[in-house]
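Here the structure comes first, spelled out in structure tokens, and everything after it is commentary.
Labels run A, B, C, D and E following the written order; every chain starts at residue 1.
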């Protein structure tokens, strides 16, 4: 391979951050533009990869390998399969729009963009790493920037939220690290190369326990109820761009880890735990939906809805069918950009009204029609309306899980009603109805950088909604090895005996 | 290029105009309007062209054209169209009505700042509706199902700054979403058995007995849930009346002519599925019957023009459902098509009345308007006659067929149907008499909304648009003295309104003859199910005469009560004995109250409880609790570090002593044991 | 001659006494003295052992020489510090030196 | 050839003597920093000499002294600690009225002791070098005449380590009495049978207690918080990074090798103590409001991690210990370098860090990186060290131990990040920027380089440790 | 009275001196007496050395401890003296500390003594080198050269350090 595309995608933001350190803090415009360019470069590379990826060939492409810690057989091993490509694109999109979403920040701009860019860098790295150790390094590397981002530029309860996030995620990291160590010595092939580990076959018991360990570690990041307590506070406390990347990318890291590490290395373990995982997923969906319904704070509502949406992903994973997994992964992308949009709009609204209490707003669509439209689109996307990417994700998850866990699937699908209920209620309270507060009548509508954010994200939401194959094919090619492992051990589709017994022939 | 591929064009022209408006011509009002009219008009022309071809060969078999959309492993999702007489006829109806309504809206929306937006949405809606009509597989119909739901949400909430509108939009979306929940489950269940979404495959598998009958029933009923939601059938009918918060053209197009009919159309489209399960057919029929009765009865006690028409729509849809459920495929579809025209007309007329009469909606503030708006009045009366199904107006033919089917299939439902016919006649002419004849009501601001449970905020007007400031002033100041003054401000009926009204009126009057019994190449030639069964039901003089008699009775009753009323209120509302029933009708059997109670007391309360749980248990106990626990342990240990060096030394030597003790008391055994445990 | 256990016993006894003093006396200087006692006890041990265990190499003797040196050094520095503290706080009582704690 | 083996130590001693005699020729004031630069230079030369010694694995002086890669590795650690300390010390000293020369000389002598200790193969050498370290630190801690807290800390350290060396000596005497030799090799032979009288066990445990004080082993750790808080920051930096490393080398030699026979006794006990140490250090650090004191507890916790590796033993365990000590040295020196750069006399209250990011971005950044490294954020040095340590633990089967320690290490995030938060979020008391000398800057830059560089490009270092680990057995 | 009993008596006397001296250090109320009894104890120790044929050590003991350390301590007492010397050597007020201290020290000592007495010591019958002092000197120069050097440095550090710590700046700024 000629040009290290993957590394370029991953390291472009870091390069930007380094560059920014050299710029005097006073020159805010320059700093912002450097950040924008850096993320744009990364985005460009990501898009290039989407099209350069050879679906026919499949597997891991754009590989870069170098020895790193020979003592442990650890390598600097970057590459991208279909899944990575999609998620790198997601990260790039969120990073790019995040830069513009925080264009309005005036306080300590330099430090902000350094932090934000390094966070983007870390997240992207996770998706590109094919050495488990490297993956973990990126995974944990993301914690510190998150902490700083929230605690410095955040809003209400920011310090508490930041600390909680740091503690929870580090806890997950610790569990994962333990898993890695045990895995390393259990496999005993002196390598943490995911591909080689994939070839090594573990005993059933090993698979069961290692899967449990890794999934537990990653579940905190997803998050799966009851390990989710960090998320609402963190997402709410974070600055706009922070919330965007937290909801858009960081949540995906955990689920990605579950698929990339736990599932693809220990398929038998996955089968053993899948039902429990499914139940937890459904709890996530319904519980979080109801909690979201009970929120008065807009951002809290969106945060909880994110948990609920990631529940669909988890359900798809638990189903262990191609449709389910593909749906789960597509949900990463769909929910990623959709949540980014929602948080972006929530942030923009907050920057203008300085309140997040839905009851305190109302009628804003009259003052800020553009934001209103964007918010409605975001809400509809999270409702999973056809024409938005989320529809395909959720539908695919439903198809995949319905035949395995009919009951769970039905409960989960009922979520679409609740989501519609609280999302549209939020739209009604915040943007519709007559203008409640007269002071808001003068609020400015979207500025040009808000336009960038909104239009870019909406473009991808709709594009992926209309032409899902682009991503779906990538995902499927990425999933094919996993499906091969699962072929003969996956749980058979349930036969709906509960129907057949009810006076039918089967 | 195959002829039928024009259907693609028909489908995408409206979408094109939507895109053009939303991306280009948003700032230019007139232009946007024209774009929509021409986009939809073009597809109307095309579909008429196709219709002609269909009429040419009665026995064409369905043409399908499929584009592979998405493949996930074994799940194959196609974007395909299916062109057959049913589709084409429906398509034509939709496009034609839609076109006319666009023209009408030119005038109706003239002052609205959201003019362009309105037409964009209308175009998008037409596209989605055509998608439903043309879809050739379950998933696609589901997708467009949601899309029309979206459009209806956007258009009901078009005046989002009206709390009532915003609420109604949300209500419509969420309630229909309930139906869609079932629909989606049905689709998934069917997919589980069939392994594909296309109608053909479904029907094929059913034919091959691939689905156990119980499962089949479940599938059918689940899919029908979608229809219940969209077509506002009991028990999900509650959203339709509120939906009248949208602009009247919207009500005419979406909530009378097309979208609400989609449920019926879908049942007809997948008739193979439903007809395969008798239980399912039964469910459909009874749901239809019940809804028809409920809606009609409620319509008799409403006081807001559009709501009366809305309930009428509801009950007519239910009529169709009943017909389909009873196997009257042709009758149902025929009624669907005709209803399209006369109900749209009815709505447009009431819209025209409101448009001309200060956007007032309360019929008790009208009366004697005939002389101000002749065209409107006449067309509305025609529509009404068609609506009640009096011979020879269009409504008669389809309604008659339905009653025939009912009489053959299920006596109970037949009686119910006749009763509904009576109600229909009554409320329709109650409306017409009250509005156009009798004395002008003594309407003054004082009279606002007395005793009317359902007119919450309906007299607070949009603070901008579609009412001229001068009119607003009038609205507030109007009283008997000022009325003469105000009458001079009554607008003249613009051509953009009268023309569509007249055209529709023509349909409303004559379209029925296509279903003339025994007509060569009559409707049933193109639209029929199976051989004989459910197709032509012959003509039953008894039924025909009886229904006409019933209708006339109803009309007379209406005349007797409302023809020459004095006061500006419904006499029945105070009629001794009847007034309680009246109250029940007026309050819509308290459905809204019950549902509201459920949402407030069950859903929202549950949400509040869980939110509390989240905050106090997960965050409070788990997160913070554990944290502070460690913190406290740390604090307590600090006490050892009291700064006194000899205490430190003591602890040091205590440590030594303990180590020695471990060793002395029991040989290394203990230590080794510890080591073992830790492994 | 006297057996090893006696030496051992004496030295250990001295060690114990020194330890007790070091733990319980208030005056810093006395505590230093007690530490000296303990070191002396150890020295006795070493000498006794070297005498009985390896009269050949007598490493114990040698060891003791160093311990004595170290002890002297420690006491020198220790007393210096005590004096400084006394200069600052006008006390040599250990239980007064509890500014640093927690 | 003996001289050749001792070259680095000799260089340091001579340098120390020269520095001491400096005041004979010129008038020295606390403001003069040249002595420190001179000392740092000497350290660099010694470092070169030490590197030159890599690969020479010989035992000299009748088997009482050994120079092997392991010893050299620890010598390098000591030199690194001393060098960095000497770089940033003068700024602080000039503030606190201590003559740089005195400080430098003592650091050099202390470093000499730290370099001798890992090479010591008999009790006498071991004890005397240990005492050299201790005595240097008595003085280094109390050297700040104009304040009380340093003196108090010094007295505490002196008394406690005096007592501990008494107990150490007693243990040694017992072992000597039972084996008739002070040479580690001979002792190993004596115990190799695995049969040993109970008195030997007591001697072993007493030595553990004696050395335990230097390696922050609970319950012999109690001096640490007070000394950290009371002593001048440069001293603490040197103490935290150097002395425990040297003591660990001794522990590896004595317990890993000569007491291998008593393995069944001390290993489990040490394991339990290590876990308690980790838990105690992390938990008690939570409520601390003084950063220096907090770092003391964190040192305790880190000592716990290292001891796990010590118990895990074997080649990987030893390698992990060495690797960890070096990486840890950089982190902790950097942290105390930052503290000393702006603390007033024995301060270090967390509140005084408020808004540091605005008053001195470089200091704040260095502190953040140092703390993150201590907290084990990858790919910084601290994380790599932790990885090696726990890898060793898991490899020798201590899964549960590793799990507990890892979970406990999560707590540490709280108190480290708390400081980061204060530096970056809170409002500074006064907004005037903090000025610091070139020495501090250089030291912090080197520290950063060590933390990040050794973290990211750690492969060779880890391999060096791995090869050196073989020579733990002599 | 033969040599054996003589030795025994001598040993007994020395033991008394040692233990008595030690107890004196701990229990005298007056710190001067404590110091004095420490000297007594040291002398006893040197006596023990004599009895163990460690003449050289015995002399060193007298010189260094009695000669140097005791004097230094005396000076320290002088420097830190207060008005009256009585009650300068008290136990700490904290009784639990005293009790625990007693307990710890007692148990530790008890265990050690008990074990030491029962322990089967392997007495070696080797003969002492003929000229002991010479032997020690050579050993210092040869096998213990390094400790010897270190000790030199150590003492230097201690002395210089003591000065650094304690020296009163004449010209206070």
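Rule of thumb we're sticking to: contacts are C-beta pairs under 8 Å (C-beta built on N, C-alpha and C of every residue); 3 or more make two chains touch, one makes a residue touch a chain.
What you see is a predicted model, and the numbers here were worked out from it, not measured in a lab.
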{"item": "B-D or C-E, whichever has more C-beta pairs in contact", "value": "C-E"}
{"item": "Chain whose Cα centroid lies at the greatest distance from that of chain C", "value": "B"}
{"item": "Chain centroid nearest the full-protein CA centroid", "value": "A"}
{"item": "Chain separated most widely from chain A, comparing mean CA positions", "value": "E"}
{"item": "Where chain C and chain E are represented by their mean Cα positions, the distance between them in whole Å", "value": "6"}
{"item": "Centroid spacing, where centroids are CA-atom means, of chain B and chain E in whole angstrom", "value": "102"}
{"item": "Rounded Å distance between chain C and chain D, as computed from the means of their C-alpha atoms", "value": "26"}
{"item": "Averaged-CA centre spacing for the pair chain E and chain D, given as whole angstrom", "value": "31"}
{"item": "Touching two or more other chains - residue numbers and ranges from chain B", "value": "627, 638, 641, 643, 645-647, 649-650, 653-654, 656, 660, 664"}
{"item": "Residues within chain A bordering two or more other chains", "value": "167"}
{"item": "For chain C, residues that touch 2 or more chains besides their own", "value": "8, 15, 18-19, 22-24, 31-32, 48, 52-54, 62, 66, 70, 73-74, 77, 80-82, 84, 94-95, 97, 99-102"}
{"item": "Touch relationships between chains, expressed as pairs", "value": "A-B, A-D, B-C, B-D, B-E, C-D, C-E, D-E"}
{"item": "Partner chain D, residues of chain E touching it in the complex", "value": "111-112, 115-116, 119-122, 124, 142-147, 150-151, 153-154, 156-158, 160-162, 164-165, 167, 169, 173"}
{"item": "Contact set on chain D toward chain E in their complex", "value": "2, 6, 13, 20, 61-62, 64-65, 97, 99, 102, 105-106, 109, 112-113, 116, 124-125, 128-129, 131-132, 135-136, 138-139, 142-143, 145, 151, 154, 177-178, 180, 197-199, 202"}
{"item": "For the chain D and chain B complex, residues of the former touching the latter", "value": "155-156, 159-160, 163-164, 167, 198, 201-202, 205-206, 208-209, 213, 218-220, 222-223, 225-226, 264-265, 267-269, 271-272, 275, 280, 283-287, 397-401, 411, 414"}
{"item": "In the complex, chain B residues that touch chain A", "value": "69-75, 139, 142-144, 146-147, 150, 153, 157, 160-163, 165-167, 169-170, 173-174, 177-178, 180-181, 184-185, 188-189, 191-192, 209, 212-216, 218, 463, 603-604, 606-612, 614, 618-619, 622-623, 627"}
{"item": "Residues of chain B touching chain D in the complex", "value": "627, 630-631, 633-635, 637-638, 640-641, 643, 645, 647-649, 651-656, 659-660, 662-664, 667-668, 671-675, 677-679"}
